[in-house]
Amino acid sequence: MAIGKTLVAGAGLSGIRSALDLAETGYKVLLIDQSDHIGGLLCQLDNQFPTSKCGYCRMLPMFDRDRSSQHCLRKGLFHENIEILLSTQLMSVEGEPGDLKVTLKQNPSLIDPSLCTGCGECERVCSVFVDDPFNEGLTKRKAVYLPSPQSFSNAYTIDYTACTRCGECEKICPTGAIKFIDQDREKFKILVVDDEKIVRDSMKEWLKEEGFSVATADSGQKALELMDDRLFNMMLTDIKMPGMDGVELLAKAKEKNEDLCVIMMTAYAAVDSAVDAMKQGALDYLTKPFDPDVLISMALKVYHEFEIAEARVEQVDALILAGGTQFYKPELGKNPYGYGVLPGVVTGMEFERLISGTGLGKGKLIHPKTGKPVRKIAWFQCVGSRDVQADAGFCSSVCCMISIKEAILAKEKYGQDLETTLFYMDMRTIGKSFDEYRLKAQEENQVRFVRARIHSLDEDLKKKDGSLLARYVDLQGNIHEDDFDLVVLATGQRPAKQMTELAVKNDIGINPWGFIETTPFSIIKTSRAGILSGGSLSGLKDISDSVTCASAAALGACKIMHEAGKQPIDAHAIDMDDLTILARENPRILTVLCSCDKDLSQTLDLEKLKLDLDRIPENQSVEIMDKFCTDEGWKTLADMIQKTNPNRLILGACLPCIQKQRVKELSKESGLHSSLVETLDIISILKQYPDSQIPKTTQRIERELKALISKARFKNPVPGERLESNQNALVIGGGIAGITAALSIADCGYHVDLVEKDDAIGGNLLWMDKTVDNLDIQAYLDEKVKELESHNQVTIHKKTKTESTAQNPGEFLTFLKKDGEPDETILHGVTLLATGGSQAPLMKDNEDPQQKELTQKEFEMGVQDHKIDPEKLETVVMIQCSGTRDEKRNYCSRVCCIRALKNALFLKDKNSDIQVYILYRDMMSYGFYEEYYTEAKNRGVIFFQYDSANKPLTQIQEDKVLVKTRDLLLDMPVEIEADCVIHATGILPDLPAELADQYGADLDTFHFFKEADSKFRPVDSMNYRVFSCGLSLKPCTIEEAVASAEAAAIRAVRILSHERLVSGKMVADTRTATCSMCEMCVDTCPYGARFVDSLEEKIVIDPAACQGCGVCAAVCPSGSAVLEGLDRRLMLDVIDMALL
Amino acid sequence: MMIKIEQEDNSLTKGLQQFFKRLLESEEIDALFLPVRLKDSFSIMPSLVTDPAQIEAAVPLSPSFPLNSGRMVSRLSYKESGRKTAVLLRPCEIRAFIELIKLKQGSRQELILIGIDCPKALSLSDYAAYMEKDPLDDDAYIQKVFSANEETLNGFNFSSACNTCENPFPVNTDMNILLQGVDFSDGMIVESGSEAGRNILESLNMSEASMPEKREEIMAQIKEVNSKANEAMVEDITEKTDSILKLNAFFDRCINCYNCRNMCPVCYCKECVFNTDVFYHQPVQYHQWAEKKGLVKLPTDTVFYHLTRLAHISHACVGCGQCSNACPSDINVFEVFKSVAQTTQAAFGYSPGIDENEPPPLSVFNEREFEDIVGIK
Amino acid sequence: MGQANNKGYLEQTETIKTMIQTCIQCGTCTASCPNIEFMDITPRHMWRLLLMDHVDALFLSKSFIMCSSCYYCTLRCPRGLELTNAMSLLKQTASKLKLKQFQRSSLFYKAFLDSVKKHGRVKEIEFMTHFFISMKNPMIPFGFAPLGLKLMLKGKVRPEFPSGGSGKLTALFKKVAELEE
Amino acid sequence: MKYLYYPGCSLEGTSLEYDISTKILLEAVDVQLEEIEDWTCCGATAAESQSHLLSYVLPARNLALAEKMNSERQILVPCSACYLNLKKVEEVIKKDKDLLGKINAVLAEEDLVLKGDVIVKHLLDVLSNDVDIEKIKEISQNKMSGLVIAPYYGCQCLRPFTVFDDPEDPHSMDELIRATGAQPFEWDMGAQCCGASNTSTKPEAGMALVGRILKSAKGADAILTVCPMCQMNLESSQKKISHKEGIDLEIPVLFLPQFLGLAMGKTQNDVRLDLNLSDTGKLIKARV
């Protein structure tokens, strides 16, 4: 059977997540990105909340991890099942799920990576400086550069559009890696259309100088006439022209020549129409007056695509779009905060780069104008979000938390006396731990939160010290003027331009804002079968939601591949080396040093080095070679190995050369076992010493090499262990998350036992009618339950509880206690905790016999049972955060505000005369839900904001409820006589601690499932076989519950797809003979990889769970807990050698 | 609850023996573990007694402290035996045993822990010498040791572990025999420390007693005096070992006999790493060392051995002093261990031997701890 | 608040309320307003009153006539509300309702438009005279006197127009009035 | 280059000098003007506060007249208030076809039809974007060098319709000022409100705004305006405000084309400096 393959377009956070999930399952992945590096936005971000750290690497595979790279994802990624293509764009997609034809366009680099040694000579001679996009333009880089500071790859790249083709780099390159393609620009025909002669003439002149063919026209009509005669490749047209305007010309020109690249030109203010034009197919626009350089670079870009981009057509089964989002560019809008004009106004991303260790200030925070340390920083929220004037009727969902994080980070980095102020409208702390984090910012870090929107920003002309003056009005109507050294704009998100274009061209539905539109109840399925949307493409998401969505998309792809009859690769079918023989042989060590195009004898006493190393019996010889990174060097080394037949190799070279992947290839080709190849970055070490210090340098290198020789001589080859792994799944909980998870796993071909404690499947969905976007929940549930009940891979256990469980490496054993039936024991390889949650009960102080005060659920059920008749109601009050987001339950339940909006709109639909009041603290209408907030306002719903210190009070009167609150703006008390009051009481998780504990999972402070990492492993527990989804994981909407279930499912399928799991090479073991069974290692193991086998009285290890961290070895005093291949004798010897 | 143990035949020891006899005869207890004077010998060794008649040889209180019985109790309890045993232990023995429970080397399940106010001890060699000379009889010793907190006995120094002990009173037991601050003319007092202990005491039907008034005060005094002695000792030993050279000199007589390790109650490994091939060096290794410095002393790894032990168990050191007792080269191992242990335990906020539910520091992982030491924020 | 409960208010202001319905009370308009010091209540406060149907309180305030149509609030409102236009509509409403406190500015504008209606273009001297007569307060012209005098001296305000413009706007005005009925 | 010309009432009365200097300047830079025949008042702010429809009909009539002239499609308007009113109609009828219908129903009284194919341009837009600035440089020969001139834009040429400049932080006059050799004055008052008709109806409020602007202009040799209302407000009460504030706030205030005209060699009389209410003598002295 054929092996499944998926194309993942976009290699940022979510693209990587999707790709790794599929690759770990055993499918092939083609991962592409249009940029020159993988990692996406997160490459530029050093720290994430709540840890103020990065955790990107936590997404790396945990079992069979030697198939993949095991270093920071910002440095790069390898996986045997993933092919990565950078600088590549997806152009089109045709076909059906299971048989998609995708066309890719890859921009070949002008530098041959197999020849480039990364010496940097080209960069040194390059005379072109451009803004470095990696630092958001805060710094400059050359036109030939290394793609990202963290990247392992040492191959340089040429910025095609910035490069002037001066040829200096081509001349200096020692390996001849740089080759400019012969240019034939004359063939590239450009048409310039403008009614003003000066513009036409000067543009013609500039473009001709670059060697292009240029024709001009003074009107749209003339342009069209010219197009009848000749075929143009590119057209630059003014928008405002008498007669036919540029936009009309664009449409007509495209009719004539679909492939024509059109660039609009417009005066400052008409940017809107330029943006409109782009929606109609223009490639880009230029704002008049413009710099010739900008024009030329744009022309070169188009030319580049035209001339040298090659199309590559691939056959795949499924397509995951993971192009992410872009940040709003304040300078393109009305820009009231003077971004780009006022010094000291930066975007959030720029701020991250400013304070990044690899960024501009190398960690220092200096005012860009005065050079003085920054002492006062303000964050402005909703820049390009919740602003219809910026074409954003939506909330960008993530900026509030990002800004809080940045404020805390700034305080942590630059001292608590730094003044930080956050200006916001609603603080959207929409996750389970977000409110806590906000409080921490407020109370521990003294970040000032001001509920106000800043209208505009000016430089303080009186002070003339670069400080910025922000004017705002407080709730009482008092005007304040505060000055700041630095203002950070929390810029909102926009759909990634290329993705929107791709969607439009390929009939993939988009929403009015240009984001990918997904089908009902799904955030991954696009309108086209076989094409899935991962990450934030379909709407704005933080890291954890993006990761969840990306995993869900991977599940979608997995299902498609399974349905198309495609198979994953069998993981255990890799060759077993004959290691035992190797272990018995005496070590024969070959030491090779790559001189990297330098004369090593200038810096090292090679004679002494060789002499000293030869005294170690196991070391056969020391060799010097050149340019291991080139094909030629590679061959030299292979020959050397052939000749000397070593069984262990020590390789000294540069960092990029010794990165694992290359060494892995070397082992494969030379037959040397990969765990017996040791590497040393000698080039970095040599850089630390001046040439004159030969003895010192030699001594250092000698020590390092001796240490490695010691390591090599004691090291025995270790095979990855293989663990029999059960291929059935247990899903606990029959709500929508449980149903989805079970169906998802079953659809990928694995058996699932679904346990539900009640006699009905459906959980909370059973009492719900419609969603806010008017989808029929019951119909959806019916469909899913039918699907579940008829699925031959699913066994449903109703009225059943799990009683106890035992875990052995590779499987769980769970006892099912059934109501009225004999108990049952099942064996399963993974456990999904989807035990759900429920609406918190209403804490009532009042006697309320007529049930005038209701929870949201009670209200909705009341309407469904016709106990509540909306037409008979005159006034309804809704109280948000009732009993939640306070000391007792200090988290936001995320869904209640949306539910309130839904109910308000429902009431208004049923009875337009009804008066609805919503009393809220922060309106959490995140993402596109903001539109319902606007709609509710439009429909006359009145909103009162209240603060947690003055909660609304209710009083039952005869047949009314009197609600007392305060209008904060009018500063007066308000009393509302309501027919009924609907309380939003929030969500309580329903995951018993004992249950979680049985499966080695933990609960968080609020008794939700505790994620292994709330950002990067959002559905996993620390036990790699246990997952959670739905409400037991965190408060979520139905779509989000479904997505988390799909994510949990792929995480499970990733394990289920293997009959045997292969461990990493570095895993722990126990020497039972010396073990005292103190179980310290069991308690200590963070991955739950160690178990007590009480029958055999020994400690056993799940090698797939073990990550080789060595904590067990550290905690074990007798040395019974060991890391295979890294025993104490070896380590002591290495230390000894290094000290000699 | 508290009950009273009357003197028997004007003898405190006999009174205690009587109490233990009743205990052993009761249905609650199958065996008793306590120090017994061996026949025709002055040696007093911990013994497991099942015959009530044998209790007559029991010497619950004496300056003899041949080994830390925590280790022995661990052997009696690391698996189920189906029998209930009452064990009498000194405070430092209890602490050692609690540490071993944490390490799954023992269990309280079938035990009744009986604590006793510490009667101090002489070193092994001093005890032998003392017994040869003119030893006090058992009762006189009790009278003497609990009447004043003295550092010497008949010219012999009490073990420095005892003189510097800040916790010579039992905690977290099932019952305790109280001696400090007790008017012996009125007998001795047993206080229950757990539900199980209370039930047993009640079943014995003995007369009730109340807490002696002066006890608290006396306990505080003893703690203060010992604490000062401890400070002085730490200061002294720190001065003696505060550089690697001094440390080398301090341990220069060490012959790698590993006696200190063998007698250490919390060094619980079945097989020590120092007995494995990790320290069975290649011959070339010795030569390389010698070549580097021109000379290498053998055995090697002596200081390394002590440092390793400090790294492994200084957090769990209960301060019993048996390591010094065991040293044939008369190295004051205990003083180094106690000094280091205090720092280690303070760093982790760890109190060894108090609560079996307090996890050993290394088995707990906190993402943010010792930021100033590890340098990672 | 005799007039306050006049339902006429609500009808008149319903359109304006619709214009500002999606206000999220962020305060951008208020902080932007150059005339805020001379307003008794802030623009945000006004919108809130309007939203809550406290039209009486709104017309007790004179804030909206302080609006000098600088359009800053309109420019900056994140909800894209046409706040300056809403201000104008409030002025219109006040004028239509002939509320006493707004008489002065209302009459000023009326005099202006009368002049336009008659001549097609503004005869500045004429409309000022009209205005003063309508105010029936002889003290008022003095307020304008220094400027008027200055303009006269410079020959900028003259009794007769320099050029034509005998516009036929009466018909237009009439038609507008008809359509707006 | 040729434009239709809508002067507006003020340019026939209180701001005659604006009309005259505009015409002189444009002639000098080869721009021809053709006045809209039979134009009438745009309604100013008065119409808006009296009748919604009227506030559209009055400017619409003029646009319809312009369309009827059937020559140029761009109308040049020097007065910002007129500009806004005319622009408003141009923009709104693109989207609101209902309103267009109503407007045409009224205009039918005069047999006029509004189609909406003319573009309304402010004088400053034309000067800063359409006119060849090199020409101004060439003629003026840095005549104004040494002067620091505060560009004042006012509101209505910038807002609510953002056409040719940043509505918060305008700079289109900077280049024009530099073209004369003078330096633009750095201030943040250029786009602030002058108080508009508040200076007549609510003098205390209006004066406060004017006072703020004049105070900020301290250090500049003159203020340039592009709107009769702004000009009047900034000029007319300088003495009174100086008296009230207790500091000398008197400063020459000129219409932009007056200043450019002077720079390009026109006489004081050509640009009718005699009609300015502020003491322009200071500026003339400073230049000499």
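Read from first to last, the chains carry the letters A, B, C and D; within each, the first residue is number 1.
Everything that follows uses one rule, which is that a residue touches a chain if its C-beta (ideal position, glycine included) is under 8 Å from a C-beta of that chain, and two chains touch if they have at least 3 such contacts.
This is a predicted model, so every value here is computed, not measured.
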### Message
A-B versus C-D: which interface comes out with more C-beta contact pairs?
### Response
C-D
### Message
Taking the mean of the CA coordinates per chain, how far is subunit A from subunit B in Å?
### Response
56
### Task
Could you please state the distance in Å, as a whole number, between where the Cα atoms of subunit B are centred and where those of subunit D are centred?
98
### Summary
When centres are defined as mean Cα positions, the distance from subunit B to subunit C in whole Å is 95
### Query
In angstrom, rounded to a whole number, how far apart do the mean CA points of subunit C and subunit D lie?
22
### Message
Which positions in subunit D are in touch with at least two other chains?
### Response
162, 167-168
### Task
Name the residues of subunit C that each touch 2 or more other chains.
72, 75
### Multi-chain contact sites of subunit A, meaning residues that touch two or more partners
334, 336, 456
### Task
Chain touch graph shape: choose line, ring, star, complete or other and state it.
other
### Task
Using the touch definition up top, name the residues of subunit A that touch subunit C in the complex.
334, 336, 382, 386-390, 425, 452-456, 471-475, 477, 479, 934, 937-938, 940, 942, 945, 967, 969-970
### Task
Please name which positions on subunit B make contact with subunit A in the complex.
103-105, 267-273, 276-278, 284-285, 288, 292, 312-313, 359-360, 362-363, 365, 367, 377
### Interface residues, subunit D side, partner subunit A - complex
73-74, 119, 129, 132, 162-169, 186-188
### Touching residues (chain side subunit A, partner subunit D) in the complex
198, 240, 242, 267-270, 334-336, 338, 341, 456, 458-459, 461
### Query
Hey, which residues of subunit C end up touching subunit A in the complex?
21-28, 30-32, 36, 41-42, 44-45, 48-49, 51-52, 54, 72, 75-80
